[in-house]
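Alright, structures below, take your time with them.
One chain, chain A, appears in both complexes that follow, with chain B as partner in the first and chain C in the second.
After this line comes the complex of A and B, so read on.
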């Protein structure tokens, strides 16, 4: 049998593990933190990013973390009201940082075919799998299209700026969303044609080249995450 | 029911596309408005307005039974994962189901029922705020442990029970205008270009 071998050099995780991790991290974030344990979650995510070879991103997230810590530290020197808003803002970023890291990890290290297999193994119906797959595939596309539209708008002097957004919000909405929806609908139509050609529409059970499965790494990561959850809940 | 009226693979892809755009709009607004105590209660409103354009085009592209419910199911999966609280899984599906039933009365093509349906659908955005009321003590205890006391007091003062109903009402009213905007833009651009 021809099978696609997952990249073993990096710390490859099963998509299901990553999904579960995302949920666990969010429950920890929702539970609220007591200072040290969110540094723990941040450290955990930092290690995961590092093991996956995403050093540049790790550096970026680390920089944000340091900046937020410094901002939090100097908040005490501001007048009361401003200081409070300042603190809340910085802590909010602080709390959500591990979540953003997890989302980044999930999106950047999961191939779409792996995601499909994982969802199928979870016995999701087709009507859920296909939209989720499209969603995954479309996040970068929407960004690209939006950048192109923004460029074109700037060229014609109607770029998205604070002034334009405040003086004529409805016109701006129209200028952004009409071309965006036009091009995305078009891309979507092409995508459906391609997918149907490849037999997505048939009722036969699909086969796939990519293999996924839990291994020691997944269990280690999940046990660590569960421990963090338990520590947070019973703190 | 004829086969033509059922959701097909092609429609699933359309659901994916429109859910993506809708979700991105929601997230971008969330990011800009999330940090500030008073403003953050108003977060659903711009989404409800802009969402009207996306939703109306979506309904025009897929006027079939189950389309709205499916969109809200995908949203529920995303939101539930994102919020880490059960309301994220439940509320969007409930709103989607109600919207589906209401819109179904007009066979997905009547503007009046679509309008009402979108107003109901938009209420899913309440799911992120519901913990303030449903788990009030627990929530504020957790928040107080982390944020400064002044913030928690401000938040508590800002969220008596009537605020919940006011938010739902405000979402529905803005969604009403969102639908009108969506209809206008649909007529002006998309119908002319033959997209719908």
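After this line comes the complex of A and C, so read on.
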């Protein structure tokens, strides 16, 4: 009997749990700094990424975090202008990093079919579910296109370098987005046509192979997140 | 009667004067396999869309006449109803999957029909066994090769128990080996009594499967043949009809001159690895200037890695040298890669701007000359994205020539091209040869190689298997590879692994 391959369910969380987590983490980081809440959330997210086996990504996020902390430490010695710019930049990283980690976790560990089922169980109407799932379907496509376009730009001598990004940021954006958008529009059109011929959007109630559901893991994670939220809000 | 068209005409959009399909009438019985062929734009895709109901749900326009598919009129009922009896496979394997996981994709059609999960599992299992694609179960769609994607696409239609299969240029993006797999799958469908309708101009792989060929021209069905009748038609006339060779065995090399020059590019100990897996390992290889080299090999043989290393897009070990060793940067500066999906490398608002992107100068004499050589003068002020696929390709070539690139590399320049467009591409390559030192072409297209390549580089598992001229002996080797290509399949597991690592 065929079944789903088990290994991508390492620390499997219900998509609804992940959605809720995204919300909670948002509230915590945008609540304002109380000095340690962002580090707490960062630690929490790091553990979740680790449990899901996303070690490389964890390393990447961790490196950014460490660099920002170190520069923060010596930022007192910066000239006034630079110091101010850095403070803004560092705040942004602090706030967005855990949030980005959560988004990454959500996208990379949630299957489209799971997402559909989760949204259906939340009684979302079809006109909400289909766009959201298509959007989800597009993330890896965007990544693939982006990498190809990057190569094409390099070959044309308009590669994405620090120098080009600083001297002519708008032109660079144009060079990336013109082909990217055209590619995505084309893929999107073909994708919708294909989905229609597969009967998407029919009036029959859809069935689904994947099963989702809350288990102990979900509750533990949610309780931990709620605790963090409470501590932050009442501080 | 499974499918019947009675004097059907269709025009996209509101302009009724411009019909893409004119007075098409034909009948297809249950269990038949039928091909619609003809040049690109002849209306064969329109026929497919009328059968699977994408017209009028997705593509709107003016329709006359009557279409009947298994007793239904796809123009009157909802496309979801049609989807229960008609399943479709499209030409671009990248954009026909809604899910990212093969199991979900196989189940997708059934789920939409509201079939109970145990039954879906049963069907998937049946299909997987029938198509022998157990190794593809549970894989990420993005890590599959083009051929594997087409197999999954066929399988997922099969799982919905559709009676009719509509395939729109399914072989466009496939290599010789996987075209064979596709052939097998169509054979299986036929044996199961499914009705199969295919739009295609590559016919050799369908010869033993098809009951009837309909030839279309400018929206009209102008002739229909069975296999014997089609074989009797004149090869030159078939070329004019836009049809590719019926039998690869019959192809011969076109006499052509090339001058190998003294200067050359040498590769020594060039290696590239994903993790610990060597995907490219070239001990030594010399390519003299002036040659046009076709790079062939199975999927995963390292062809793309080879050209990306050559263009400097990938940093590799070892040396690639012209007169002196070329660094990555120098290689990027001197070479250009025309990608398979050329949309990704057109950046500006007009063709002229595209050419002037990196070369700012007051006069445009050189630009005009290049555009004229590539038949693009008419498009000077047009937006690149408004052009056809072949024209876009030529814009990319023009922009490369204009920045004086020495080495021009193509990735599958003829995938999906009919005979006439393929010939035009071959002619363009002849032009390009004059302007560049070396042309390298990754291709799966035997007809095209014989038209314009002087040499063949055969890669297998990242190693140079062979390097030869397309003379009499060479053509024999080429045919061996393209027609009997099966022997090379055993390394399959290896490339699936490499595939996973790179994904």
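To be clear about the criterion, the second predicted complex is superposed on the first by the 189 of 235 C-alpha atoms of A that agree within 3 Å, B and C clash if a C-alpha of one lies under 4 Å from a C-alpha of the other, contacts with A are read in each partner's own complex, and residues count from 1 in each chain.
By our rule, a contact is a pair of C-beta atoms (placed from the backbone, for glycine too) under 8 Å apart; a residue touches a chain by one contact, two chains touch by 3 or more.
These numbers come from a predicted model, not from an experiment.
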State whether A:200 touches chain B only (first), chain C only (second), both chains, or neither. both
Between chain B (first) and chain C (second), which, if any, makes contact with A:11: first, second, both or neither? neither
Touch test for A:209: chain B only (first), chain C only (second), both, or neither? second
Please indicate which partner A:104 is in contact with in the superposed arrangement: first for chain B, second for chain C, both, or neither. neither
Return first, second, both or neither, reflecting whether A:191 touches chain B, chain C, both chains, or no partner chain. both
Partner chain(s) touched by A:178 [first = chain B, second = chain C, both, neither]: both
Regarding the shared-chain residue A:92, is it in contact with chain B (first), chain C (second), both, or neither? first
Counting only touches as set out at the top, which of chain B and chain C does A:22 meet: first, second, both, neither? first
Of the two partner chains, chain B (first) and chain C (second), which one does A:112 touch, if any: first, second, both, or neither? second
I'd like to check the shared interface: which positions of chain A are touched by both chain B and chain C across the two complexes? 133, 174, 178, 182, 187, 191-192, 195-196, 200-201
Could you list, by residue number, the parts of chain B that touch chain A in their complex? 7-10, 12-17, 19-21, 23-24, 34-37, 50, 53-54, 57, 61, 66, 70-71, 73-74, 77-78, 81-85, 142-143, 145-148, 150-151, 154, 181, 185, 189-190, 193, 195
Within their complex, state which residues of chain A touch chain B. 19, 22-23, 25-35, 80, 84-85, 87-89, 91-93, 95, 99, 126-128, 130-135, 138-139, 142, 170, 173-174, 177-178, 180-182, 184-185, 187-188, 191-192, 195-196, 200-201
Chain C partner contacts - residues on chain A that touch it in the complex: 1-2, 4-5, 111-113, 133, 137, 140-141, 144-145, 148-149, 151-158, 174-175, 178-179, 182-183, 186-187, 190-210
Write out the stretch or stretches of chain C touching chain A in their complex. 52-54, 57-58, 78-80, 82-84, 86-88, 90, 92, 94-101, 103-104, 107-117, 120-121, 124-125, 128, 137-138, 142, 156, 160, 308, 311, 313, 332-333, 335-337, 339, 341, 343-348, 357-358, 385, 399, 403
